[in-house]
């Protein structure tokens, strides 16, 4: 099955998720800078989740760009990923409106962890269909970032109950680590394309 | 008329429905595991409806992939299907926030039943345009699942007033039955494609 | 300029409008049939607006399918149409939640009237670009429905202050009149395509 | 990397932003013209933001139509633009529901200013990839509007604390200035296309 409609649907869902989070932003009580400042933690949590969803869109985009066809099982693996991403607005609001208490901060990390696992499952299924010598397999490489991220999420979940700002720092750290994720895949894709022309 | 824009519009609507349900999720009262646990029935109902909308997207996607053109009547049959799907978030919220009382649980089943009938009408219209010897007609086959589902929905609607958890079990059962719906159509489509190459 | 991205954007906006109306549906007070019945006017108004947005999507789809390129002015005419359509959820909610009082019922008609005028402006601009002998111009024909609709909206607006249910009947009447709008254009398009093959 | 999916994602996000603003529109208290009139400032602010998002979609559409490929950095520059645009509904609501007090009116201008800067960054990155002799570079020209807008936003931000209606006038002025933005680029694009045919 071709990938077109899968990409269109995923784009739609991620585009909606990344924007409906702004509906969770309550207006400040009052019209002063101070009232806006009081909402600052909520705005920063929104920005963090915006970046996370942007990273997932970006990685999804890169991964699908070297995939030729998807199986029925991959469609469900993709919906499974979208399910966990759809809980990001909920967990962002629960964490930030209560000013980052332990349990909601841990739940935020759990949702990120589940999304990372879902992305890994989807990637594995796509590699199986594409084959071990495919451009996709080569582009993924040793997948260091993909292996470190779950560990950092687990660290963040644990830290939520001890030092919550360190937990948030762990989540921010993973986001920063991923912010330039494409260069690697871009290079491999370009190399692979160049080779296929020889 | 080509199917492109019909698919794009349906993708858009289903993508929005599957994600706006998270806007219905109220934040837990408090920041403890217990408060989150209290919201668990709502979260599970959300997951069930997410799966249902995923199933509809998946089946819609498969059905349209073997359709070559759509009539004006099929456009309206498609909008009719989207109408009933658009009531899924409403009925999910009414059922789950009140912890599955009889009437809302029955209404949830009625909405699912109407969506199933609307899908059947759309399928029938598409088959009429494609012809009795089309890939679509062959792929549908005897449509056992499509015939059992309405009966199970009716069973669930009736059970809502007697034993509501059995009603929910009926709804979950239909979802599980559909979770692997594509293999049949995938196989028929592949076979048909292979035959057309001979 | 090609029409692809204009269609995609319009599809997106109309898909969102048609679905966010369900967010306006408040849950019934209570879990009985009576409580749901109390919400019935709201649900019926939602169904009417769903049909109206479906009609606009349908007509937009048919019109654009015979257009080859769009000017910069047509992009704005399209946004102007989307602006009035975007007020449909607002006016639907104001009218139905207050059980169809005079002013909101008139405002609902005014929004529909403005959308109809905006559609006419867009159509005129597209015809100008396509030319008087284009398929689009032929397909529109004498545009009887397009000329009667504004008159019926005006009638409905006036009746809102006298006999509001007759006003609602006028709005329902226009929707019914448009429900099968495509046959005419479909036929002309087919004829034109057939001619161009000779 | 081809531009297709970037355009689709941006279309999705802007389409959602332009429509979810109507969810911020509270129903008037009462069902009279007076009650609706009381909501007029909110409706006008909504119309202004609708036009702004329309301008961004329009300019984005024109810019991408002459771009052939996007780098990984440009994907992030695009997400950065979408981030600031996503704050438009929030700042519109804060400004208009409080009837245009100084700080929220200034914040509205700051969001517009940041979006303008983000658009400039994206444009610069795309030009770098396309080259100094590209159609894009020629079409942008001296970019007078792009240079005046930030100055007018700064003026508006300053005026918010002195004469807020002049601030709003500045924002309206920028929107009017951009309302016919495409002719220039359209002409250059046409010319460039004509030249490339020689």
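Letters A, B, C and D name the chains as they come in the text, with residue numbers starting at 1 for each one.
Here is the rule we use: a contact is a pair of C-beta atoms (placed from the backbone, for glycine too) under 8 Å apart; a residue touches a chain by one contact, two chains touch by 3 or more.
Here the structure is a predicted model, which means the values were calculated and not measured.
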- Which other chains touch chain C while also touching chain D? none
- Query: What's the call on chain A versus chain B, same or different interface residues, using the half cut on shared numbers?
  - Reply: different
- Maximum centroid distance from chain D, chain identifier (CA atoms): B
- Query: If you average the CA atoms of chain A and of chain C, how far apart do the two points sit, in angstrom?
  - Reply: 38
- Message: Roughly how far is chain A from chain D, centre to centre by C-alpha average, rounded to an integer in Å?
- Response: 27
- chain B: which residues touch two or more other chains? 8, 12, 16, 20, 23
- Message: So in the complex, the part of chain D that touches chain A is made up of which residues?
- Response: 1, 5, 8-9, 12-13, 16-17, 20, 23, 72, 75-76, 79, 82-83, 86-87, 89-90, 93-94, 97-98, 101-104, 107
- Query: Which bits of chain A are touching chain D when the two form their complex?
  - Reply: 7-8, 11-12, 14-16, 18-20, 22-23, 25, 27-28, 31-33, 36, 47, 50, 54, 57-58, 61, 65, 179-180, 182-183, 186
